[in-house]
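Sharing a structure, written as structure tokens. Questions coming.
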Amino acid sequence: MTDSGTTKPWDEVSERLLRELAPQVLGVVARRFRDFSSAEDAVQDAMLSAFKQWPQEGIPENPRGWLIQVASRRMMDTVRSEIARRQRETAIAPEEEPAIEPAEMETDMDPEDTLVLLFMCCHPVLSKSSAIALTLRAVGGLTTAEIANAFMVPEATMAQRISRTKQSIKASKVPFRLPTPQERMQRLPAVLHVLYLIFSEGYASSAGAELQRLDLAREAIRLTRGVRALLPENAEIAGLLALMLLTDARRAARTGPQEELIPLDKQDRSLWDRTELHEGMEMLKLALSKGAVGLYQLQAAIAAVHDEAGRPEETDWPQILALYELHQRVAPGPMVTLNHAIAVAMVRGPEHGLECLLALDNDERLAGHYRLDAVRGHLFEMLGDSGNAIQHYRTAAAKTTSLPEQNYLMTRAAHLEEASKESSSGLPAPQSQR
Amino acid sequence: MKYMLMMNTMRAEAGVPTWPRADLQAHIAYMHNLNRELRQSGELVSAEGLSFPDRARLVQAGRDGAPITDGIFPESKEFLAGFWIVDVESPERAYAIAARASAAPGAGGAPLNMQIEVRPVMGGPPPEML
Amino acid sequence: MKYILLMSSTQAGVTGYHTWTQSDRDKHMQTLRTVIEELKGTGEFVATEGLAQPKDAKVVRGEKNGLPVTDGIFPESKEFLLGYWILDVATAERAYAIAGRISAAPGPGGVPTNMPIEVRQFADRATNAH
């Protein structure tokens, strides 16, 4: 079975290539055996074998063929034991084993399979967390253990989740074919939403053992690039990719040495990834040139304005304000209003920003949510009203369930408290004993 | 052997500390470093902070299958603020880790000496009244 | 979202449990096992553990001369944690519903124990993209 493999050392590139093969192999095997769910299990097994053997024995000359062979062997085993079970139960004459040559199947490859899988795994009938888990495994080529680690649940739990998701797909009778152009238009938003959630979910920095952490943001970018290659004319996908790149470019600057949160206006911009920024800007231009401005393009445009500024003081806030005003017309919501209020504050002054927030005081959707207090705190701080700023920061800190946010907000409050003591007494704030 | 290290708080005490920034940062760094060490030594199974007591709910079985939920607890109740699960060679090691956690610095940089309860975790069957 | 379900009792409660018939205890455990299997099936199960009795507990309060300061005394009437369940669920309501199921597990004579279960949400440690 093992061809004489290459002696190339196993590295990140090899890993990525292996992952990219997963949906291709799955497409072939699923169509041949007409069973997406079992095929997906079989391919996952083949992936696990590859992850174990290839680093040791080298990458086979025909890696895709190798995976197809291993996966189909598993499928044959599954089929045989299913036949045996049925025979035992019904005492019918032995069935013919389907004669399928793995070598044949190689030519079955269809470049659109990845798209078929993506639409299937992101089907609107599935919950977002189900879709995310299945997409990462079936399309992303990640192992169950890797996905479980990323979401900090036991592997068995994640395996079950994925199993259930596939059962839902089966029950919904989703056919294994590319959706029609009309269906595609309808279902693409769900796909993009799943990809966006994978990107923005973030990951906990402390989990169990110091395992190699899976970078979900990078996986999301990789998957979105893949979709874009298959639907190059689609402006929304380009917009989403632009948004991801323009956001991801800041990754090195957004957390400090204690994993603490560093907000945009305090980040060391020299740490931003210039290449990613540039690519994001180009992608945004491309997306906008295609006509209608969707939400991802809009958010990418806002990110681009931030990213263009060499220093926070150089940020083109009037531009950002205009973009948020557009956002509010196209897709209003409390979070948009909050961000709009910040932009208003930056352009017209914090009092005006605070006025914008009044509309949110009775908004049910924000009840108990920390961000309203956090933004109020920020605007009061801009205004120079330390007392109110501190109060709102601390209220926000008490409301948030995010530890990094909590740490950030209470530290901000403490900082303001010291600064106001300093200025009121004319003396430096008392030094704490260490 | 697995141990659960529990950090409790009275409802009145629970909340965001209002210490000076340097003290907050020292505390955050201390806990961060402790957890990192435990991860590197392979002793950390989990370390979690819980949301504040105002979000705690007490649930009981309802008559028709729907749970009865309320947020009313006795004034004197101690709430779990956070916990560690550690997998260690000996009880002494568990107590030593608890002591480290307990001594985390607070206001003025002084060790908080929080009470940390240390209990062995039973392997196997679900919690039952043993 | 991750939640922890806390099951507590007092020494008196534990003593009471020891008076159940074996059959009642088996039925109780069976119900809990069924819930675990269901939750494993839905992918919501993370963990469940029982803790050793308080007589095996220590309370650690800081360090003195490099050694933990420990104390093992628990008042007879004090409530202590028996064990916990950790779940990963989509909504708080789902966490409460599961707690309700556990609370309804049968006690003596098949009557639901109606055990009060404290439900707490984990703080989230993720640093999201910004």
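Lettered A, B and C in written order, each chain numbered from 1.
FYI, a residue touches a chain if its C-beta (ideal position, glycine included) is under 8 Å from a C-beta of that chain, and two chains touch if they have at least 3 such contacts.
Every value quoted in this text rests on a predicted model; they were computed, and no experiment measured them.
S.K.: Out of every possible chain pairing, name the one holding the most C-beta contact pairs.
M.R.: Highest contact count belongs to chains B-C.
S.K.: Please identify the chain with the largest separation between its CA centroid and the CA centroid of chain C.
M.R.: Computed centres place A farthest from chain C.
S.K.: Report, in whole Å, the distance between the mean C-alpha point of chain A and the mean C-alpha point of chain B.
M.R.: Each chain reduced to its C-alpha mean, chain A and chain B end up 30 Å apart.
S.K.: In whole angstrom, what separates the CA-based centres of chain B and chain C?
M.R.: Each chain reduced to its C-alpha mean, chain B and chain C end up 14 Å apart.
S.K.: At least two partner chains per residue is the criterion; list those residues in chain C.
M.R.: 2, 121-123, 125
S.K.: Going by the touch rule set out above, which residues of chain B reach two or more other chains?
M.R.: 49, 51, 55 - these are the residues of chain B that touch more than one other chain.
S.K.: Which residue numbers or ranges of chain A touch two or more of the other chains?
M.R.: Correct list: 206, 259, 401, 403, 406.
S.K.: Which positions of chain B touch chain C when the two form their complex?
M.R.: 2, 4, 6, 48-51, 55-62, 65-69, 80, 85, 91, 95-96, 98-100, 102-103, 111, 113-122, 124-130
S.K.: Which stretch or stretches of chain B touch chain A in the complex?
M.R.: These residues of chain B touch chain A: 15-26, 28-29, 32, 35-36, 39-40, 42, 44-47, 49, 51-52, 54-55, 107-110.
S.K.: Show me the residue ranges of chain C that touch chain A in the complex, using the header's touch definition.
M.R.: Per the touch definition, chain C meets chain A at residues 2, 40-47, 88, 90, 121-130.
S.K.: Mind listing the chain A positions that touch chain B in their complex?
M.R.: 206, 208-210, 258-260, 394, 397-398, 401, 403, 406-407, 409-411, 413-415, 417-418, 429-434
S.K.: Under the touch definition given earlier, write down the residues of chain A that touch chain C in their complex.
M.R.: By the definition above, chain A touches chain C via 127, 129, 151-154, 156-158, 160-162, 164, 199-206, 217, 247-248, 250-251, 254-255, 259, 261, 263-264, 401-404, 406.
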